[in-house]
Amino acid sequence: MSQLGDFFDNVWVDAFWRLLVVLVLMVVVVLVLTYVERKVIGRIQMRLGPMRTGPYGILQPIADMIKVLLKEDLRPATADRVAFELAPFLAFVPAFLVLVAIPFTEGWGVRVLSLGLLYFIAVSGLPVLGYIVAGWGSDNKYALLGAMRSAAQLISYEVPFVLAVLALSMLAGSLNLVDIVERQGRVPFIVWQPLGFFIFLTCVISDLTRRPFDTAAAESELVGGPWIEFSGIRWSILYALTEYTSMFALTLLGSLIFLGGWDWPLGRDLGWWWQLILIFTKTASLILFIMWATATFPRVRVDQLMAFCWKLLLPLALVQIFLNGLILVYGWPDWTLLLTSGLALAVAGYVIYATLRVRGPVRTIALRSGA
Amino acid sequence: MLGVLRGLAGTLSTMVRKPVTIQYPTVHRGLPERERGFPLLLWDHEVGEPFCTGCHACERACPTECISVTMRDNPLAAEEKSKRRKIVGHYLLDYGRCVRCRICVEVCNFSAITMNNTWRGHELSRYDRADLVMDLEKLLAQSKARQIEPWVAP
Amino acid sequence: MVVEEERDLETIDIHVNVGPQHPATHGVFRMVLTVSGEKVVDVVPHIGYMHRGAEKLSENMDYRQALIYQDRTEYLAQFNAEMCYVMAVEKLAGIEVPERAEYIRVILAELNRITSHYMFVGAFATDLGVYGTIFTYAFREREYIQELFESVSGDRMMYGYFRPGGVVWDVSADFKERVRWLCKQTRVGINDIERLLTRNEIFVARCRDIGAIAAEDAIDYGLSGPMLRASGVPVDLRREEPYSIYDRFDFDIPVGERGDVYDRYLVRMEEMRQSVRIVEQALEQMPEGPVLPEKLPRRLRPPLGEVYMRTENPRGEYGIYLVSKGGEKPYRLKIRSSCFCNLMALKEMVVGHYVADAVIILGSVDIVLGEVDR
């Protein structure tokens, strides 16, 4: 028995089985999310979603997986061989790597890094490379247009994302994810940073290229974006795996740093099973919100997308940092955080409203008949 | 921001409503009695022959020319069992060409042809286009088995 | 220090083919956009993919058979197209239509206007990228109305219910209650959809000031219908030249101001509400009686002559020019198609906007390819 214990104390073996657990978790989550998305969107559209494969359609992800694996692997003859085959992996691997730094419960994560947040932000910016290489390697005008759009979008939205998260780490005083969760204690950071949360959520939806920010794969214009020429398993790596893994990872991050993670409420008191339940419920609620928003909004045009990021979100993120800085330096009490951040969010809402306000309804002419 | 929030509230309210779709092959929606499926010929159960006398009225009236009829002397009339002196010989109706306009039913003097208002008038997929050309037995089959209640226009 | 003068980068404009097979072109329609960066510099529409020879085929049909081609030409506002055709034949042959048939025709035509505008909203929102939410709502509402049409005429889409002289048979017994229920339900349905779109900031930002066309230009191009009214020209054929019994009803005509995509959307949504008003009034006033005149000849032979009849279809002015040589079949049946004329303004509207807007502008014209190509 002690030999077994020694075996598992070895650093490599330890890392290996932890990674294995996270890998299995990720695959299960992705399969579940494909099903959940179809059901949720079906419900919003007042229809049933998948129902025939298995009872209530729960075997649908398995059917999808089998279908995708059996598809013919097409590659355009003039496509750049290396770029074409490398692109899906360039997009997917960083999305999976971020899961390494996330603490799922108080004591368990693959590795608890003291610069966990920095690692997360750095690695989650890498899939952009995969999109660009995919667009270029496909030798297709539409793919290239889509890749350029998606590169512009993803890189632009990284900036407010990073700034909002940095503002938060200013409050917590550390980049270690476990510290941030524990620092929240009785009150999760969403209460102190509503503006930061709004920016974070918007940037997450944009990072996933979901509606309303899905110009990269605008189905009714460019039919697929950078992934037009990919089919079968390549496409599913790029689209299904990357997107759902990123969704999972980013919402995990959101629930850790904004919603109190596995700690609030009563996390440390009740043990690891309660912590797991907490963190997964919070992640699930964020994911459901993202799916809800996806089904509701029309697409934003690409120049409006850029304007929204650079002219609105970036100044707001800087304002949030500035306000946090003021409050920390002068040692004002915590409720001023809520006040200032909430005010700034209200101002942002008003600005959006004022620029786009519909000035009065369309006039109707009442022409009554003479007869 | 309010407009966006209003949109979210709208989809939230529809999320909790009952879905309006039904699962088609297992559940069939009810059809109104005036439903215009593909045409069928009617069988006169009292005498034991089709109502159709082969008078070519439907063939002339059909806009897509999908009907082909011949007329012959009725053997039952010689035996005094039927009042119809002429009866249909061959009758071919190409479901692939029919547009279900119901003009053939309107012009028929003998009420011998009707539109199929059951689901069998719609579920007619075939693998070969030639299988869609229906001959006399196929057109009379449903009426012989008394599985149709034709709707007569007022 | 010598600073080299800047030279502009040499760029070429690429041709983007929004081809016949595309999720957003509402049918088989091809637009070749010449794009410089993201801005559209030129647009060349190619039509004709759906030409099926409806006008020529009608020359071989007698007047009852030729009716079915009207359904199939304008396959989203079928009753309105049928109405124009039967009124043209009645005008030529001098047939009087009984009162009850007139009311049934108006009710069905206005309900068809509602379904057509629902289809517009569904397809338009899908062009914008709403992924099917508005589409399914619109089609759910449309389905209720189509069930009524099915119980009256027997078919969900190609009705063939009108005849020169009236309608082919009377409506079913539960017609009045069903239409009353539909009027209530339509109001709920329109609100459902408007709640998601009209004040939505993203929607407004996408549609405001896109594809605007001024009132004089609209008249010059020969636009009609909601496109003309959205540009500020208050012309509706149901008011200018009241046909059938439209002069007995009280309804308003929505008129826009700027002629952009947003105004067209608003005009169509408001038209749906006004159609509900018309239907309610018609239901109150509908008398009992026959639905076809008694002395209708079995084979209709209109006298020698020609007639042009125009009606206000959901997409604009739909006209039928009928020439008769006294026989059973029309000598010439020409369809003045509203979408064909509305498409002429496409270049003026699209040039100068982004590629994404080109698709939306095409969606706001609300074309039906069967009508454009006949």
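The first chain written gets the first letter, and so on, giving A, B and C; residue counts start at 1 in each chain.
Basically, a residue touches a chain if its C-beta (ideal position, glycine included) is under 8 Å from a C-beta of that chain, and two chains touch if they have at least 3 such contacts.
Owing to the predicted nature of the structure, the values given are computational and were not obtained by experimental measurement.
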| item | value |
| --- | --- |
| Touch-based graph of the chains, sorted into line, ring, star, complete or other | complete |
| Of A-C and A-B, whichever chain pair has more C-beta contact pairs | A-C |
| Chain ID, smallest distance between chain and overall C-alpha centroids | C |
| Where chain B and chain C are represented by their mean Cα positions, the distance between them in whole Å | 30 |
| Distance between chain centroids, defined by C-alpha means - chain A, chain C (Å) | 42 |
| Whole-Å gap separating chain A and chain B, where each centre is the average of the chain's CA atoms | 54 |
| Contacts with two or more other chains, residues of chain B listed in rising order | 1-4, 7, 10-11, 14, 20 |
| Where chain C touches two or more other chains at once, by residue number | 133, 137, 140, 196-204 |
| Shared interface positions of chain A, touching two or more other chains | 44-47, 295-297, 352-353, 356 |
| Of all residues in chain C, those that touch chain B in their complex | 61, 64-66, 68, 133, 137, 140, 143, 147, 150-155, 158, 160, 168-170, 172, 192, 195-204 |
| Chain A partner contacts - residues on chain C that touch it in the complex | 14, 16, 22-24, 38, 125-133, 135-137, 140, 196-206, 208, 230, 234, 239, 242, 247-250, 252-257, 263, 266-267, 270, 354-357, 359 |
| Residues of chain A touching chain C in the complex | 41, 44-47, 141, 211-212, 214-215, 218-221, 223, 294-304, 352-353, 356, 358, 361-371 |
| Complex contact set, residues of chain B against chain A | 1-4, 7-8, 10-12, 14-15, 17-21, 23 |
| Residues of chain A that touch chain B when the two form their complex | 40, 42-48, 51-52, 292-293, 295-297, 348-349, 352-353, 356 |
